[in-house]
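In the two assemblies presented below, chain A is common to both, partnered first by chain B and then by chain C.
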Partner chain A sequence: MSETKKVRRKRAVAVIIGLLVILAVLALLQRLVMPKYMGEVKEGALISEYYDEDKDFDVIFIGDCEVYENFVPATLWENYGINSYIRGSAQQLIWQSYYLMEETLQYEKPDVIVFNVLSLQYNEPQKEAYNRMTIDGMRWSTSKVECIQASMLESENFIEYVFPLLRYHDRWSELEPEDFQYLLGAEKVGHNGYYMQVGVVPVDYIPEGKILGDYSFGENAWSYLDKMVALCEENDVELVLIKAPSLYPEWYEEWDAQVEEYAAEHNLKYINFLEYTEEIGLDYSTDTYDAGLHLNLYGAVKLTDYFGAWLAEECELQDRRDEEALAEVWEVKLEDFYTQKEELEALKEEE
Partner chain B sequence: MLFTSYRFLFFLLVLFTVYYIIPKKCQWMLLLAASYIFYAYAGWECLIFIGITTLTTYVAGRMIEQNHATQKNYLAAHKAELSKEEKKAYKERQKNKRFAVMTVCLILNFGILAVLKYTNFVIANMNGILELTGSTKVLAFQDLLLPLGISFYTFQSMGYLIDVHRGTYPAQKNLFKFALFVSFFPQLIQGPISRYDDLEKGLFGQHTFDWTNISFGLQRILWGYFKKLVIADRMLIGVNTLIGDTATYTGFYVFLGMLFYALQLYADFTGGIDITIGIAQVLGIPMQENFKRPYFSKGIKEYWRRWHISLGSWFTDYLFYPISVCKPMLKVSKWSRKVLGEKIGKRVPVYAASIAVWFVTGIWHGAAWNFVVWGLGNCFFIMLSQECEPLYEKFHNRFRVKEKVWFKAFQIIRTFLLMSSLRMLDCYRDVPMTFKMFGSMFTDWNVGEVLSAGVWNLGLGIHDYVVLAVGTLILFTVSMVGRRGSVREMIARKPIGVSLVIFGSLFIATVLFGAYGMGYDASQFIYNQF
Partner chain C sequence: MKKVILTVCLVLAMATLTACAETSQEVADTVVDMNDKVSDAETLLGDYKETMGNVDLMGENAMEGNATAPVQTNNTSVDDFVFEYKGIRISPDMNTNEFLADLGEPLHYYEVKSCAFEGMDKIYTYTSFEISTYPNGANDLVSSIYFKDDTVTTEEGAYLGMAKADVLALYGSNYTESAGAYVYSKGGMELHFIFDGETLASIEYVTTVLDE
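Let's turn to the complex of A and B:
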């Protein structure tokens, strides 16, 4: 080999190594500046936790905060032997729920998918921060690509989802110890997607809902519900529509009537839990941590127990507590669950 | 399509790739298509105006050249038959024809520019006059389209036409090639205003993949983005705060704003030009430099030889000289020498031409009086320094400090402050307000307040100041090193690892510290608006 060729080859190798180092630095910086959701706002960490699971669930809950704060998979397992998971995040829009459902069905075929209908009120993308909480945690797939396209605001760029460093680069000036602490991996936040809250803030006032000019849900929102129905039919999964018993934001009667009508038309089961608060035994002076917006653990356990009985009966779900492998998995999960419960309660006591 | 948009970067990536894949003879066609696609992003309507300029200039250029050829052939064919007077008369007739063609084309194109850019300025002034005369009549402003880069492509095209008329070079025969010269996208929106004979070879030549050239081009592009995103757009936050509240930010704040704006404008404009020249270099097209470290100038004349060079040379070649030597001006010159004496009289045509050039330079930058005053202010200081030359000479003969480093530093700082002060007219965009704010620098003594607390209320945090300080230091260092030659060539002579570390760090710094994306308003390059 001639001297020139040798020099050229050396140069090419150096350039390749150099480029790889630059890429590695950029990848590390990207991890560093991306929000870890380990501080006050933890909800953004929920979506990605699903991928670590065995994905053999009987029930998948899909929706916004009204699912991940109001339903407790641990209770469903303990009381009914139902193996469930919640795929929800803050202000999760209906198309995001749809694409999460589509993605989930790529991994597994649950018996039931429970969808909370509150997000039908949104016909258009809302806030970038919430988009990010849902989408950043998703693994790359066609579902994620379509979810991004459906969710992006005008000010957003697709490339910033592909390379989040371009979106979060300016966080370099506001990095916190948790950004370094969780650089290589975050702590688990959810319990099968449930976000535990043990605080108690009683309801003393329910803000009245604004009078709307038009109570009809938007076409876009309906189209995604149609898609959900079709997808569940295709995959032989039962779709159950619910409205969690959050006292506000207002769930208008007109909205409820539309969902009821839709459910009847499509032969779907629909439960508005706001109508069953007494049967569930909810006490809004003790069972909510934010004055009626969401339930706390105690309220969520009551609601889940009520719903578990309904699921077992109406959807004929089997009790799987005698499955040894699954029971072992849940044993660990329940230990984590009760440990955190105790920790949070102790913390509450201190406060 | 903003230079700082992801779309533009994608556009470049595709262009660079396809450019070196297709047959070389098609490269210029690809550039033409790319330029029109780029331009169409500003709105399809804009294509009409650039199309008119292209077509009319092309036709006029061809007509002028054909006239040259006809004249040559005619004179050759009738060499023996025509007397000297007849030949002279014939030449004069042809010259007039060519001049008429050029004039019509110039009037049409500068007319389009004037109507689209200055109609509302004229209306605003007419309304002002009507108000002064007590009239209640108010003329309505017109909603006119201002095509992207119209000032740049009009000047470039008209420069071409004048050169063809002068016989500096032959007219381009191919309409599409000429269209590429007018619309070449990297320079379309902020210059440099290129000369046809400078660009011709590069634009229409066939370019092979040359890694050295390409890597140098990419490095230049990266350097441009660093200046724009890390320095200019971050500084913009402070500048906007300072000029946005003239009631609060007086005194030392004004001085601070003046410095901030000087840095922002320099980083913004030179950053844009770096990107432009870098793109051209990747495409194998050499392009003239538009800046030569202007903030190191020791005098205002020198400054203008080093800042926006292509605009200055355009005005010199196509406005200053023609005005200076036109017949009416020669008459004025004769008259002034007679009346005012040789010494003062000979300056009259030069100063008259200078005033005209600086008036046009001012109004070229924007249809507003602040730009006119800015232009004339520059003119005033240039003339003043010229008039003071004998005094300077006496001073230097007496004190011998000309070559002292501290004196040179003094000259540089003086020029920088003078130019920055004039630029306040561009900053505040209002003549009385600018004078008021300038005056407040000497009347409102709030240095302590600004430095102790005020600087933290300008929308910039400690991290912003650190980035700006380091960025400016890098900028300054590169300028200093650049005095000895091309910085990129110096780096290229070092081991490859040095190059990789330097440009890798520059890339990472631009990505990490750049003021772009959500939370930052997409900021156009300042010169895009001209």
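Let's turn to the complex of A and C:
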């Protein structure tokens, strides 16, 4: 080999190593400045946790905080042997729910997908911060790309979702200990997507819903519900629509009527749990941690137990507790679940 | 080829270092600190300074409170929509510290924790109106003022039950229609009217800060 070739080869190796170092540093910087959602606002960490699962679920919940705060997969397993997961995120908009559903169906085919209909009220993107809490946690796929395109506000740029460093780079001055602590990996926040709360703030007043100029859901929102129905039909998955029994914000009768009509037209099951609070046994003086917006663990267990019986009967879901491998997985999960319950209750006692 | 790869990396690095700090700061505030009102505070501070400038220009009488509307009290300005109740003037984005004590005890108080953000949205319900707020650092600013009965009026004289024609005569035709509401905009805030047929069914003052 000539001297020139050797020099060229050395230069090429040096350039490649240099490039790799630059890319590694940029990747590390990006990871450092991106939000970890490990502080007071943990909800942004929920979406990404799904990818670590075995993905053999009977039921997948999709929707906003009304699913990840009100339904407890551990209860569905313990009481009915139903293996479930919640793909929920804060203010998850209906097009985000659709793309999460589409993505989920790339991994598995559950028997039932449960969608909470509150987000039908939004016909257009709302807040970038909420977009980020749903989208940043998704793995790259065509579903994620289309989810970004459907969710972006005018002020947002697609490239900033591809390279979040472009968006978050000036967090340099605001980095917190958690950014370093969780640089290489976050703690688990959810229990199969359920975000546990054990506080109690009773309901003593709920503001009346304001008069709206138009109670009709928007065309865009409807179009994504249509797409959900079609996607579930294609994949032979039963779509169940629910409205969680959160007392605030207002779920208007006019909205409920539209969903009921839609469900009837499309042969879907729809349960508005606000109409079954007595049957469920909910006591809003003890079963909510924020005065009626969301249930605490005790209320969520009651609601989930009620829904589990309904799912087992109406959707004919089988009890899988005798599946040894799955039971072993749940044994570990239940241990985590009850450990956190005890820890949170102990913290509450201290307060 | 090496040059191309190197150029791409350099461009990426440059873009990272030089990307718009202002917009990025907004997201950093909203997503990371979950205090997305920081930039709003800057806006409000700007509005406040502008307001104080307006007050200065209005002269000594205005400063002493001798003048009548449109001279404003507190930090409202002539460019704001103002709701006045028993001499207390309230506008969207006003700090509740400026008027809450004067209004007395509300009939009801409700706190709404956002799905994700730190701080509380608060709702103060009085007999005839309801004031909602949003957190801004240690302060709470007015997000909306919503009329509950016909015993209160807007500064211009609109009240629940008023004929649509009379409302339009008061406010003119410079409105936009949004989700069934007639929306008048002024000074970074909006006044929403919803009609039930030919009768005014809903009046609400709304901040636009939260839309940004």
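Operating definition for what follows: the second predicted complex is superposed on the first by the 343 of 351 C-alpha atoms of A that agree within 3 Å, B and C clash if a C-alpha of one lies under 4 Å from a C-alpha of the other, contacts with A are read in each partner's own complex, and residues count from 1 in each chain.
Definition applied: a contact is a pair of C-beta atoms (placed from the backbone, for glycine too) under 8 Å apart; a residue touches a chain by one contact, two chains touch by 3 or more.
Note that the coordinates shown come from a computational prediction; the quantities given were computed from them, not determined experimentally.
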item	value
First (chain B), second (chain C), both or neither touched by A:Ala24	neither
Which superposed partner A:Ala14 touches (first chain B, second chain C, both, neither)	first
Touched partner set for A:Ala90, first chain B, second chain C, both or neither	second
Partner chain(s) touched by A:Glu43 [first = chain B, second = chain C, both, neither]	second
Which superposed partner A:Val162 touches (first chain B, second chain C, both, neither)	neither
Broader residue contact with chain A after superposition on the shared chain, chain B or chain C	C
Partner chain in contact with A:Leu347 - chain B first, chain C second, else both or neither	neither
Chain B and chain C contact sites that coincide on chain A, given as residue numbers	15, 19, 22, 26, 29, 128, 155, 165-167, 169-170
Residue ranges of chain C touching chain A (in the complex, touch as defined)	2, 5-6, 9, 12-13, 15-17, 19, 21, 23-25, 27-28, 30-34, 36, 108-118, 123, 125, 130, 146, 178-181, 192, 194, 201-202, 204
Contact set on chain A toward chain C in their complex	12, 15, 19, 22-23, 26, 29, 35, 40-41, 43-44, 64-65, 90-91, 127-130, 132-133, 155, 163, 165-171, 174, 205-207, 210-214, 248, 290-291, 293
List of chain A residues in touch with chain B within their complex	11, 14-15, 18-19, 21-22, 25-26, 29, 33, 128, 155-157, 159-160, 165-167, 169-170, 172-173
Contact set on chain B toward chain A in their complex	6, 461, 463-464, 496-497, 500-501, 504, 507-508, 511-520
